[in-house]
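Structure first, commentary second.
Read from first to last, the chains carry the letters A, B, C and D; within each, the first residue is number 1.
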Amino acid sequence: MSGLVRFSVSVDEDLLRDFDALCRERGGSNRSEAIRDAIRRQLIQREWEADEEVSGVITLLYDHHQPGLSERLTEIQHYTLSDVISTTHVHVDARNCLEVIIVRGEARSIEALANRLIGLKGVKHGELTGTSTGKTLR
Amino acid sequence: MSGLVRFSVSVDEDLLRDFDALCRERGGSNRSEAIRDAIRRQLIQREWEADEEVSGVITLLYDHHQPGLSERLTEIQHYTLSDVISTTHVHVDARNCLEVIIVRGEARSIEALANRLIGLKGVKHGELTGTSTGKTLR
Amino acid sequence: MSGLVRFSVSVDEDLLRDFDALCRERGGSNRSEAIRDAIRRQLIQREWEADEEVSGVITLLYDHHQPGLSERLTEIQHYTLSDVISTTHVHVDARNCLEVIIVRGEARSIEALANRLIGLKGVKHGELTGTSTGKTLR
Amino acid sequence: MSGLVRFSVSVDEDLLRDFDALCRERGGSNRSEAIRDAIRRQLIQREWEADEEVSGVITLLYDHHQPGLSERLTEIQHYTLSDVISTTHVHVDARNCLEVIIVRGEARSIEALANRLIGLKGVKHGELTGTSTGKTLR
């Protein structure tokens, strides 16, 4: 297990003052927290580019009256079972469904799964949101 | 209830050939489907800009060892109950949690909620993914 | 040389009505024009992914008091002469320069050049904006 | 005029090690430089959101055979003279032009100008790239 270390950064004092103002404006996070956030965001992008094990969320908006679509969505998720962690389904109104699938696997494999689901006839909108497993992301 | 209509688009034939090749490459979707997708994507962006009622997904990666964080996440979601539809929680490993919150409400209100959650101390990474309620998005 | 063709798209009439309203709101472009724009945007993204010959713009904001930076920028552009079309330099104020470099070449090669320039010590902000040579983009 | 100051950040040592590896991989920039870059990027985004005075680049790809387009581009730029710093024009091939316009002004005003130019009939692709005047961005 690793511990906390401190390192120092040199910045122009005007830049630092503006950054502190921005942190205050956003509320909550202090300077160290904001910098750790920026570091983590870059490392997550790196994990996706390097095709490492990542996690993510696939958001699908679809019309459940589309014949065969619900079955197709279920079927594809079963074929790719090792990448799918959970699925939450929301009945938005009489026609519209929001299906939110939490996934975990190699980046390229997750992207391929998302493209396949989003490309299905009857899916009105779909997005893949990438995050990390957090394993190496303290 | 509204029905299907057809309209015609004039394009350079080379552009159309390249577009058809792209649709084939992506698999699944035909030309009409791909154009409907592009139209919907623009309308969803418009819904968010115009602060209409939208739906979305807030993805949070956090360390549940952070004192008070789980309670804070729950508390904020209860205060904004009218915007929160459901929450799915995944135990990624011994430390890391993935919390995926499905939301629905006015765009600015959803953005404020997302910023508040993502800014909490101990949240390692957070993203708001915008989609639509689909109501006016056939 | 290729000519204009027409093809027809079937859409729900509500979706089409909302799309027409959006086109009017943005001013200028009619339905066909808006759809051609969406098609072209997808084909340009494809050109970059497939590492084809593309064009683009590298925007650099830097402090010309940074020792050796101007020389370094010029030197790198000379080494990669085949990719650089033109450079425009704006003296923003006593310290700040905006340098805008128009480039053309294979996508990966353009990206490498942009990363190298943006990563130089003293460059405060840099962006690569991708577009096309337009050759196959009618 | 402001001087350099140092401040210290506390981070988990694993996170710091991964960040250092990422900086090395990208070449050039050290840890302080990479953190300053991340800070500046956030401040620039803030300048655009707060409608401050910014600078930017409008990239237009168009077909100069489109009747009246070149005249229209010139005319609009003259009407908005106070926002336009310079224009560079590249003859990409017999048909295609790349026009790169450096702009400076209030963020909303720059966005309106960009939308107007990009929406013109015959413009195949357009992008607005936002940067800063660098005035308060050390």
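The definition used in the following text is that a contact is a pair of C-beta atoms (placed from the backbone, for glycine too) under 8 Å apart; a residue touches a chain by one contact, two chains touch by 3 or more.
These numbers were taken from a predicted model, which means no experiment stands behind them.
Q: Using the contact definition given at the top, which chains are in touch with both chain B and chain C?
A: Common neighbours, chain B/chain C: none found.
Q: What's the distance between the Cα centroids of chain C and chain D, rounded to whole Å?
A: Chain centres of chain C and chain D, defined by C-alpha means, are spaced 11 Å apart.
Q: Mind checking the centre-to-centre distance between chain B and chain D? Centres are C-alpha means, answer in whole Å.
A: Computed from C-alpha means, the inter-chain centre distance equals 26 Å.
Q: Which residues of chain A are in contact with two or more other chains?
A: 40, 137
Q: Based on which chains touch which, is the overall arrangement a line, ring, star, complete graph, or other?
A: The chain contacts form a single closed ring, each chain touching exactly two others.
Q: Under the touch definition given earlier, write down the residues of chain D that touch chain A in their complex.
A: It comes out as residues 2-16, 18-19, 22, 25, 31-32, 34-36, 38-40, 42-43, 46, 136-138.
Q: Given the complex with chain C, which residues does chain D contribute to the contact?
A: That would be residues 26-29, 33, 37, 40-41, 44, 55, 57, 59, 61, 63, 85-86, 88, 90, 92-93, 95-96, 98, 100, 102, 104, 115-116, 119-121, 124-125, 127, 129, 131-135, 137 of chain D.
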